[in-house]
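Pasting a structure here, questions to come.
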Amino acid sequence: MNSHCCHRWPVVDLQSAMQPALITREAIDTAAVLAAVSAPAHGAVALFLGTVREQNDGRPVSGMRYDSYEAMASDVLAEIVAEAAATMGEGEIVAVHRIGELSIGDVSVAIAAASPHRAPAFDAARYIIEEIKLRLPVWKQEHYNDGSQRWLA
Amino acid sequence: MNSHCCHRWPVVDLQSAMQPALITREAIDTAAVLAAVSAPAHGAVALFLGTVREQNDGRPVSGMRYDSYEAMASDVLAEIVAEAAATMGEGEIVAVHRIGELSIGDVSVAIAAASPHRAPAFDAARYIIEEIKLRLPVWKQEHYNDGSQRWLA
Amino acid sequence: MRIKFLLFALYRDLVGAEELELVVPPGSTAADAVTALRARGGGSSRLPERPVVAINRIYAGLDEILSDNDELALLPPVAGG
Amino acid sequence: MRIKFLLFALYRDLVGAEELELVVPPGSTAADAVTALRARGGGSSRLPERPVVAINRIYAGLDEILSDNDELALLPPVAGG
(Lines give C-alpha, C1' and ligand atoms only; values in the text may rest on other atoms or scores of the structure.)
Protein backbone atom coordinates (compact mmCIF):
# COMPACT_ATOMS: atom_id res chain seq x y z
CA MET A 1 0.00 0.00 0.00
CA ASN A 2 1.09 3.54 -0.69
CA SER A 3 4.30 2.23 -2.20
CA HIS A 4 3.89 4.76 -4.98
CA CYS A 5 4.05 7.70 -2.63
CA CYS A 6 7.19 7.37 -0.62
CA HIS A 7 10.32 5.38 -0.03
CA ARG A 8 9.72 3.09 2.87
CA TRP A 9 12.39 0.58 3.65
CA PRO A 10 11.65 -2.41 5.80
CA VAL A 11 12.83 -1.88 9.34
CA VAL A 12 14.92 -4.76 10.66
CA ASP A 13 13.38 -5.63 13.99
CA LEU A 14 14.93 -8.50 15.92
CA GLN A 15 11.92 -8.78 18.16
CA SER A 16 9.50 -9.46 15.36
CA ALA A 17 12.04 -11.59 13.49
CA MET A 18 11.59 -14.39 16.00
CA GLN A 19 8.18 -15.83 16.80
CA PRO A 20 7.39 -15.74 20.52
CA ALA A 21 6.52 -19.46 20.45
CA LEU A 22 8.21 -21.84 18.06
CA ILE A 23 8.51 -25.58 17.55
CA THR A 24 11.52 -26.19 15.32
CA ARG A 25 13.67 -28.94 13.84
CA GLU A 26 16.66 -26.60 13.65
CA ALA A 27 19.36 -26.12 16.28
CA ILE A 28 18.34 -23.41 18.73
CA ASP A 29 20.41 -20.24 18.49
CA THR A 30 20.59 -19.14 22.13
CA ALA A 31 22.14 -15.78 21.28
CA ALA A 32 19.31 -15.03 18.86
CA VAL A 33 16.74 -15.94 21.50
CA LEU A 34 18.39 -13.54 23.96
CA ALA A 35 18.65 -10.82 21.33
CA ALA A 36 14.98 -11.22 20.46
CA VAL A 37 13.83 -10.24 23.95
CA SER A 38 16.47 -7.64 24.76
CA ALA A 39 15.43 -4.01 24.65
CA PRO A 40 16.56 -0.80 26.35
CA ALA A 41 13.41 -0.81 28.49
CA HIS A 42 14.10 -4.25 29.94
CA GLY A 43 16.60 -4.29 32.77
CA ALA A 44 16.17 -7.99 33.54
CA VAL A 45 16.42 -11.05 31.32
CA ALA A 46 15.84 -14.60 32.56
CA LEU A 47 16.85 -17.40 30.22
CA PHE A 48 16.19 -21.08 30.73
CA LEU A 49 17.88 -23.74 28.64
CA GLY A 50 17.04 -27.41 28.70
CA THR A 51 19.76 -29.64 27.27
CA VAL A 52 20.09 -33.34 26.58
CA ARG A 53 21.83 -35.03 29.47
CA GLU A 54 24.37 -37.79 29.12
CA GLN A 55 22.48 -39.99 31.55
CA ASN A 56 19.06 -40.51 33.04
CA ASP A 57 18.19 -42.61 36.07
CA GLY A 58 21.86 -43.60 36.12
CA ARG A 59 21.74 -45.08 32.61
CA PRO A 60 24.11 -43.61 29.98
CA VAL A 61 22.24 -41.96 27.12
CA SER A 62 23.67 -41.70 23.62
CA GLY A 63 21.04 -39.37 22.17
CA MET A 64 17.44 -38.30 22.30
CA ARG A 65 14.61 -38.14 19.84
CA TYR A 66 11.89 -35.53 20.43
CA ASP A 67 8.58 -36.21 18.76
CA SER A 68 5.58 -33.92 18.82
CA TYR A 69 2.05 -33.34 17.66
CA GLU A 70 3.46 -30.38 15.83
CA ALA A 71 0.36 -28.46 14.85
CA MET A 72 -1.09 -28.72 18.34
CA ALA A 73 2.24 -28.13 20.06
CA SER A 74 2.64 -24.81 18.27
CA ASP A 75 -0.77 -23.72 19.53
CA VAL A 76 -0.17 -24.93 23.08
CA LEU A 77 3.24 -23.26 23.29
CA ALA A 78 1.77 -20.00 21.99
CA GLU A 79 -0.98 -20.28 24.60
CA ILE A 80 1.52 -20.89 27.42
CA VAL A 81 3.61 -17.92 26.31
CA ALA A 82 0.52 -15.73 26.11
CA GLU A 83 -0.47 -16.71 29.64
CA ALA A 84 3.00 -15.88 30.94
CA ALA A 85 3.03 -12.59 29.04
CA ALA A 86 -0.35 -11.61 30.48
CA THR A 87 0.94 -12.19 34.01
CA MET A 88 4.29 -10.53 33.36
CA GLY A 89 2.91 -7.37 31.82
CA GLU A 90 5.47 -5.15 30.09
CA GLY A 91 8.28 -7.12 28.46
CA GLU A 92 9.11 -9.70 25.82
CA ILE A 93 9.06 -13.48 25.83
CA VAL A 94 10.41 -16.06 23.41
CA ALA A 95 10.07 -19.82 23.86
CA VAL A 96 11.50 -22.34 21.39
CA HIS A 97 11.27 -26.12 21.58
CA ARG A 98 13.37 -28.25 19.29
CA ILE A 99 12.19 -31.61 18.01
CA GLY A 100 13.85 -34.39 16.02
CA GLU A 101 17.12 -36.16 16.77
CA LEU A 102 19.27 -34.42 19.37
CA SER A 103 22.74 -35.21 20.70
CA ILE A 104 24.08 -34.97 24.23
CA GLY A 105 24.42 -31.32 25.21
CA ASP A 106 22.07 -30.04 22.49
CA VAL A 107 19.60 -27.40 23.61
CA SER A 108 16.08 -28.88 23.48
CA VAL A 109 14.25 -25.87 24.86
CA ALA A 110 15.10 -22.19 25.28
CA ILE A 111 12.90 -19.72 27.10
CA ALA A 112 13.80 -16.06 27.46
CA ALA A 113 11.78 -13.47 29.34
CA ALA A 114 12.79 -9.82 29.53
CA SER A 115 11.08 -7.35 31.78
CA PRO A 116 11.79 -4.02 33.42
CA HIS A 117 12.13 -5.99 36.69
CA ARG A 118 13.67 -9.29 37.66
CA ALA A 119 10.86 -11.04 39.53
CA PRO A 120 8.41 -11.03 36.60
CA ALA A 121 11.15 -12.20 34.23
CA PHE A 122 12.11 -15.14 36.44
CA ASP A 123 8.50 -16.03 37.11
CA ALA A 124 7.61 -16.01 33.41
CA ALA A 125 10.49 -18.29 32.42
CA ARG A 126 9.73 -20.65 35.27
CA TYR A 127 6.01 -20.74 34.49
CA ILE A 128 6.67 -21.59 30.86
CA ILE A 129 9.00 -24.51 31.51
CA GLU A 130 6.65 -25.93 34.15
CA GLU A 131 3.67 -25.69 31.78
CA ILE A 132 5.69 -27.20 28.93
CA LYS A 133 6.38 -30.20 31.15
CA LEU A 134 2.68 -30.47 31.98
CA ARG A 135 0.95 -29.96 28.67
CA LEU A 136 3.11 -29.45 25.60
CA PRO A 137 2.42 -32.46 23.33
CA VAL A 138 6.06 -33.48 22.99
CA TRP A 139 7.57 -36.87 23.76
CA LYS A 140 11.11 -38.02 24.04
CA GLN A 141 12.73 -41.29 23.29
CA GLU A 142 16.09 -41.96 24.84
CA HIS A 143 18.70 -43.83 22.87
CA TYR A 144 21.14 -45.90 24.88
CA ASN A 145 24.69 -46.94 24.19
CA ASP A 146 23.63 -50.56 23.65
CA GLY A 147 21.38 -49.50 20.75
CA SER A 148 18.11 -49.86 22.66
CA GLN A 149 15.65 -47.03 23.15
CA ARG A 150 12.75 -46.09 25.38
CA TRP A 151 9.93 -43.52 25.38
CA LEU A 152 9.96 -41.45 28.53
CA ALA A 153 6.80 -40.67 30.44
CA MET B 1 57.38 -29.60 38.88
CA ASN B 2 58.25 -32.87 37.22
CA SER B 3 58.57 -31.06 33.95
CA HIS B 4 61.71 -33.07 33.28
CA CYS B 5 59.89 -36.37 33.37
CA CYS B 6 57.04 -36.21 30.95
CA HIS B 7 55.25 -34.16 28.40
CA ARG B 8 52.19 -32.72 30.02
CA TRP B 9 50.21 -30.24 28.04
CA PRO B 10 47.79 -27.93 29.73
CA VAL B 11 44.21 -29.12 29.34
CA VAL B 12 41.91 -26.38 28.10
CA ASP B 13 38.97 -26.46 30.46
CA LEU B 14 36.24 -23.88 29.94
CA GLN B 15 34.87 -24.44 33.40
CA SER B 16 38.09 -23.56 35.15
CA ALA B 17 38.89 -20.84 32.63
CA MET B 18 36.19 -18.62 34.15
CA GLN B 19 36.16 -17.80 37.84
CA PRO B 20 32.84 -18.65 39.49
CA ALA B 21 32.65 -15.13 40.94
CA LEU B 22 34.14 -12.16 39.15
CA ILE B 23 34.04 -8.37 39.38
CA THR B 24 35.25 -7.01 36.06
CA ARG B 25 35.68 -3.79 34.12
CA GLU B 26 35.39 -5.65 30.82
CA ALA B 27 32.21 -6.23 28.81
CA ILE B 28 30.51 -9.43 29.93
CA ASP B 29 30.59 -12.22 27.36
CA THR B 30 27.24 -13.90 27.91
CA ALA B 31 28.06 -16.83 25.64
CA ALA B 32 31.25 -17.51 27.61
CA VAL B 33 29.30 -17.43 30.87
CA LEU B 34 26.83 -19.97 29.49
CA ALA B 35 29.64 -22.14 28.11
CA ALA B 36 31.40 -22.08 31.47
CA VAL B 37 28.52 -23.79 33.26
CA SER B 38 27.38 -26.13 30.49
CA ALA B 39 28.25 -29.79 30.82
CA PRO B 40 26.75 -33.08 29.60
CA ALA B 41 25.57 -33.86 33.13
CA HIS B 42 23.54 -30.66 33.43
CA GLY B 43 20.15 -30.76 31.78
CA ALA B 44 19.05 -27.35 33.02
CA VAL B 45 20.68 -23.94 32.77
CA ALA B 46 19.22 -20.77 34.25
CA LEU B 47 20.77 -17.49 33.20
CA PHE B 48 19.99 -14.07 34.58
CA LEU B 49 21.16 -10.89 32.92
CA GLY B 50 20.85 -7.42 34.37
CA THR B 51 21.16 -4.65 31.81
CA VAL B 52 21.23 -0.89 31.95
CA ARG B 53 17.76 0.49 31.30
CA GLU B 54 17.02 3.58 29.28
CA GLN B 55 14.94 5.02 32.06
CA ASN B 56 14.38 4.79 35.79
CA ASP B 57 11.45 6.22 37.72
CA GLY B 58 10.27 7.66 34.45
CA ARG B 59 13.44 9.69 33.91
CA PRO B 60 15.48 9.03 30.74
CA VAL B 61 18.94 7.67 31.52
CA SER B 62 21.92 8.23 29.22
CA GLY B 63 24.32 5.87 30.96
CA MET B 64 25.33 4.35 34.26
CA ARG B 65 28.48 4.25 36.31
CA TYR B 66 29.00 1.26 38.59
CA ASP B 67 31.41 1.78 41.44
CA SER B 68 32.48 -0.86 43.93
CA TYR B 69 34.61 -1.67 46.91
CA GLU B 70 36.37 -4.04 44.60
CA ALA B 71 38.41 -6.15 46.98
CA MET B 72 35.46 -6.70 49.29
CA ALA B 73 32.99 -7.15 46.42
CA SER B 74 35.06 -10.02 45.03
CA ASP B 75 34.94 -11.75 48.40
CA VAL B 76 31.22 -11.13 48.92
CA LEU B 77 30.32 -12.35 45.44
CA ALA B 78 32.41 -15.49 45.94
CA GLU B 79 30.64 -16.03 49.26
CA ILE B 80 27.19 -15.61 47.70
CA VAL B 81 28.07 -18.03 44.90
CA ALA B 82 29.42 -20.55 47.42
CA GLU B 83 26.19 -20.35 49.42
CA ALA B 84 24.10 -20.93 46.29
CA ALA B 85 26.34 -23.80 45.22
CA ALA B 86 26.05 -25.47 48.62
CA THR B 87 22.26 -25.34 48.37
CA MET B 88 22.17 -26.41 44.73
CA GLY B 89 24.45 -29.40 45.12
CA GLU B 90 25.67 -30.94 41.84
CA GLY B 91 26.18 -28.35 39.11
CA GLU B 92 28.13 -25.26 38.10
CA ILE B 93 27.62 -21.58 38.83
CA VAL B 94 29.22 -18.46 37.38
CA ALA B 95 28.39 -14.91 38.48
CA VAL B 96 30.00 -11.83 36.93
CA HIS B 97 29.37 -8.20 37.85
CA ARG B 98 30.69 -5.45 35.66
CA ILE B 99 31.77 -2.08 37.03
CA GLY B 100 32.83 1.17 35.44
CA GLU B 101 31.00 3.19 32.81
CA LEU B 102 28.16 1.32 31.10
CA SER B 103 25.84 2.32 28.28
CA ILE B 104 22.14 1.64 27.84
CA GLY B 105 21.61 -2.06 27.12
CA ASP B 106 25.01 -3.14 28.47
CA VAL B 107 24.98 -6.22 30.65
CA SER B 108 25.87 -5.22 34.21
CA VAL B 109 25.47 -8.64 35.79
CA ALA B 110 25.33 -12.19 34.44
CA ILE B 111 24.53 -15.21 36.57
CA ALA B 112 24.43 -18.73 35.17
CA ALA B 113 23.54 -21.85 37.11
CA ALA B 114 23.57 -25.31 35.57
CA SER B 115 22.22 -28.35 37.32
CA PRO B 116 20.89 -31.78 36.46
CA HIS B 117 17.43 -30.40 37.30
CA ARG B 118 15.64 -27.15 36.66
CA ALA B 119 14.41 -26.13 40.11
CA PRO B 120 17.87 -25.95 41.72
CA ALA B 121 19.22 -24.03 38.71
CA PHE B 122 16.45 -21.43 38.86
CA ASP B 123 16.71 -21.15 42.64
CA ALA B 124 20.47 -20.64 42.55
CA ALA B 125 20.32 -17.87 39.94
CA ARG B 126 17.50 -16.17 41.79
CA TYR B 127 19.24 -16.43 45.15
CA ILE B 128 22.40 -14.88 43.77
CA ILE B 129 20.76 -11.82 42.23
CA GLU B 130 18.70 -11.23 45.37
CA GLU B 131 21.80 -11.43 47.57
CA ILE B 132 23.74 -9.19 45.19
CA LYS B 133 21.03 -6.57 45.62
CA LEU B 134 21.23 -6.94 49.39
CA ARG B 135 24.92 -7.07 50.11
CA LEU B 136 27.32 -6.73 47.21
CA PRO B 137 29.23 -3.48 47.82
CA VAL B 138 28.45 -1.95 44.44
CA TRP B 139 26.83 1.40 43.77
CA LYS B 140 25.44 2.94 40.67
CA GLN B 141 25.26 6.48 39.49
CA GLU B 142 22.77 7.28 36.78
CA HIS B 143 23.70 9.80 34.14
CA TYR B 144 20.84 11.78 32.66
CA ASN B 145 20.37 13.37 29.29
CA ASP B 146 20.69 16.86 30.79
CA GLY B 147 24.21 16.04 32.04
CA SER B 148 23.23 15.63 35.69
CA GLN B 149 23.82 12.48 37.67
CA ARG B 150 22.60 10.78 40.82
CA TRP B 151 23.73 7.91 43.05
CA LEU B 152 21.00 5.32 43.46
CA ALA B 153 20.16 3.81 46.81
CA MET C 1 -19.13 -41.01 10.73
CA ARG C 2 -15.40 -41.12 10.02
CA ILE C 3 -12.87 -40.37 12.74
CA LYS C 4 -9.21 -39.81 12.02
CA PHE C 5 -6.99 -41.10 14.83
CA LEU C 6 -3.57 -39.59 15.38
CA LEU C 7 -1.02 -41.60 17.33
CA PHE C 8 2.22 -40.51 18.93
CA ALA C 9 5.30 -41.94 20.60
CA LEU C 10 4.53 -45.13 22.53
CA TYR C 11 0.97 -45.30 21.23
CA ARG C 12 2.22 -45.05 17.67
CA ASP C 13 4.55 -47.96 18.32
CA LEU C 14 1.72 -50.01 19.83
CA VAL C 15 -0.70 -49.41 16.97
CA GLY C 16 2.00 -49.48 14.32
CA ALA C 17 0.60 -46.43 12.54
CA GLU C 18 0.81 -42.65 12.75
CA GLU C 19 -2.81 -42.27 11.77
CA LEU C 20 -5.78 -44.38 10.82
CA GLU C 21 -9.45 -43.89 10.20
CA LEU C 22 -12.39 -45.75 11.66
CA VAL C 23 -16.12 -45.39 11.14
CA VAL C 24 -18.04 -45.02 14.41
CA PRO C 25 -21.78 -44.54 15.03
CA PRO C 26 -23.08 -40.96 15.09
CA GLY C 27 -23.18 -39.65 18.65
CA SER C 28 -20.04 -41.52 19.66
CA THR C 29 -17.89 -39.95 22.34
CA ALA C 30 -14.11 -39.85 22.31
CA ALA C 31 -14.21 -42.74 24.79
CA ASP C 32 -16.38 -44.75 22.40
CA ALA C 33 -13.90 -44.12 19.59
CA VAL C 34 -10.99 -45.24 21.77
CA THR C 35 -12.94 -48.41 22.61
CA ALA C 36 -13.47 -49.02 18.89
CA LEU C 37 -9.77 -48.54 18.22
CA ARG C 38 -8.74 -50.92 21.02
CA ALA C 39 -11.20 -53.49 19.68
CA ARG C 40 -9.09 -53.79 16.55
CA GLY C 41 -6.89 -56.08 18.60
CA GLY C 42 -3.15 -56.59 18.32
CA GLY C 43 -1.05 -53.77 19.73
CA SER C 44 -4.06 -51.46 19.69
CA SER C 45 -5.63 -53.47 22.49
CA ARG C 46 -2.69 -52.46 24.69
CA LEU C 47 -3.63 -48.78 24.46
CA PRO C 48 -4.95 -47.45 27.75
CA GLU C 49 -8.72 -47.45 28.14
CA ARG C 50 -8.74 -43.80 29.11
CA PRO C 51 -5.86 -42.00 27.41
CA VAL C 52 -5.47 -38.23 27.31
CA VAL C 53 -7.01 -37.05 24.03
CA ALA C 54 -7.19 -33.96 21.88
CA ILE C 55 -9.96 -33.31 19.39
CA ASN C 56 -8.91 -31.16 16.46
CA ARG C 57 -5.73 -30.10 18.27
CA ILE C 58 -7.38 -29.10 21.54
CA TYR C 59 -7.28 -31.07 24.77
CA ALA C 60 -10.72 -32.63 25.29
CA GLY C 61 -12.58 -34.82 27.74
CA LEU C 62 -13.29 -38.44 26.87
CA ASP C 63 -17.02 -37.79 27.19
CA GLU C 64 -16.94 -35.23 24.42
CA ILE C 65 -19.16 -36.16 21.47
CA LEU C 66 -17.37 -36.42 18.15
CA SER C 67 -18.38 -35.02 14.79
CA ASP C 68 -17.77 -36.43 11.35
CA ASN C 69 -14.15 -36.03 10.21
CA ASP C 70 -12.88 -35.07 13.66
CA GLU C 71 -9.18 -35.60 14.35
CA LEU C 72 -8.86 -37.56 17.57
CA ALA C 73 -5.31 -37.60 18.92
CA LEU C 74 -4.29 -40.07 21.60
CA LEU C 75 -1.59 -38.47 23.70
CA PRO C 76 0.82 -40.44 25.87
CA PRO C 77 2.02 -38.64 29.02
CA VAL C 78 3.94 -35.66 27.67
CA ALA C 79 7.68 -35.40 28.24
CA GLY C 80 8.87 -32.15 26.68
CA GLY C 81 11.45 -29.72 27.93
CA MET D 1 45.90 4.28 66.72
CA ARG D 2 45.58 4.98 63.00
CA ILE D 3 42.40 4.11 61.15
CA LYS D 4 42.15 4.18 57.37
CA PHE D 5 38.71 5.22 56.18
CA LEU D 6 37.46 4.09 52.77
CA LEU D 7 34.63 6.04 51.18
CA PHE D 8 32.38 5.11 48.29
CA ALA D 9 29.75 6.60 46.02
CA LEU D 10 27.66 9.26 47.76
CA TYR D 11 29.84 9.21 50.88
CA ARG D 12 32.93 9.77 48.76
CA ASP D 13 31.27 12.78 47.19
CA LEU D 14 30.31 14.15 50.62
CA VAL D 15 33.78 13.76 52.11
CA GLY D 16 35.56 14.64 48.91
CA ALA D 17 38.07 11.82 49.26
CA GLU D 18 38.34 8.11 48.47
CA GLU D 19 40.30 7.43 51.61
CA LEU D 20 41.73 9.28 54.56
CA GLU D 21 43.41 8.43 57.82
CA LEU D 22 42.56 9.61 61.33
CA VAL D 23 44.11 8.85 64.68
CA VAL D 24 41.58 7.67 67.26
CA PRO D 25 42.06 6.58 70.90
CA PRO D 26 42.85 2.90 71.53
CA GLY D 27 39.66 0.99 72.30
CA SER D 28 37.58 3.05 69.88
CA THR D 29 34.66 1.33 68.22
CA ALA D 30 33.66 1.72 64.58
CA ALA D 31 30.94 4.10 65.79
CA ASP D 32 33.54 6.21 67.62
CA ALA D 33 35.62 6.42 64.47
CA VAL D 34 32.60 7.49 62.42
CA THR D 35 31.90 10.18 65.01
CA ALA D 36 35.50 11.38 64.71
CA LEU D 37 35.20 11.50 60.93
CA ARG D 38 31.91 13.45 61.05
CA ALA D 39 33.51 15.88 63.52
CA ARG D 40 35.88 17.00 60.75
CA GLY D 41 33.00 19.13 59.57
CA GLY D 42 32.21 20.17 56.02
CA GLY D 43 30.66 17.44 53.87
CA SER D 44 31.84 14.82 56.36
CA SER D 45 29.32 16.09 58.90
CA ARG D 46 26.58 15.09 56.47
CA LEU D 47 27.57 11.43 56.68
CA PRO D 48 24.95 9.36 58.52
CA GLU D 49 25.60 8.82 62.21
CA ARG D 50 25.20 5.07 61.85
CA PRO D 51 26.28 3.98 58.36
CA VAL D 52 26.80 0.40 57.34
CA VAL D 53 30.49 -0.38 57.78
CA ALA D 54 33.03 -3.02 56.90
CA ILE D 55 36.23 -3.58 58.80
CA ASN D 56 39.04 -5.01 56.70
CA ARG D 57 36.59 -5.94 53.92
CA ILE D 58 34.08 -7.71 56.15
CA TYR D 59 30.69 -6.36 57.19
CA ALA D 60 30.92 -5.39 60.85
CA GLY D 61 28.80 -3.94 63.63
CA LEU D 62 29.31 -0.34 64.72
CA ASP D 63 30.11 -1.55 68.23
CA GLU D 64 33.09 -3.54 67.02
CA ILE D 65 36.36 -2.38 68.57
CA LEU D 66 39.00 -1.30 66.09
CA SER D 67 42.66 -2.20 65.97
CA ASP D 68 45.58 -0.13 64.79
CA ASN D 69 45.74 0.15 60.98
CA ASP D 70 42.25 -1.24 60.45
CA GLU D 71 40.52 -0.34 57.21
CA LEU D 72 37.10 1.05 58.03
CA ALA D 73 34.84 1.30 54.98
CA LEU D 74 31.65 3.37 55.10
CA LEU D 75 29.14 1.79 52.77
CA PRO D 76 26.14 3.63 51.34
CA PRO D 77 23.08 1.48 50.68
CA VAL D 78 24.26 -0.94 48.00
CA ALA D 79 22.73 -0.82 44.53
CA GLY D 80 24.33 -3.54 42.45
CA GLY D 81 22.80 -5.83 39.88
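Every chain is named by a letter (A, B, C and D) in the order it is written, and numbering of its residues begins at 1.
Following the convention adopted for this analysis, a contact is a pair of C-beta atoms (placed from the backbone, for glycine too) under 8 Å apart; a residue touches a chain by one contact, two chains touch by 3 or more.
Please read all numbers here as calculations on a predicted model, not as lab measurements.
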Partition of the remaining chains by touching, absent chain A: B, D | C
item: CA centroid of chain A to CA centroid of chain B, Å; value: 23
item: Chain B-chain C separation of Cα centroids, rounded to whole Å; value: 50
item: Geometric centre distance via CA averages, chain D-chain B, whole Å; value: 28
item: Interface hub residues of chain D, defined as touching at least two other chains; value: 81
item: Contacts with two or more other chains, residues of chain A listed in rising order; value: 50, 118, 129
item: All touching chain pairs, where touch follows the definition stated at the start; value: A-B, A-C, B-D
item: Residue ranges of chain A in contact with chain C within the complex; value: 50, 66-69, 71-73, 75, 97, 108-109, 129, 132-141, 151-153
item: Of chain A, residues touching chain B in the complex; value: 30-31, 34, 38, 40-55, 104-105, 116, 118, 121-122, 125-126, 129
item: Complex contact set, residues of chain C against chain A; value: 6, 8-10, 13, 54, 57-59, 73, 75-81
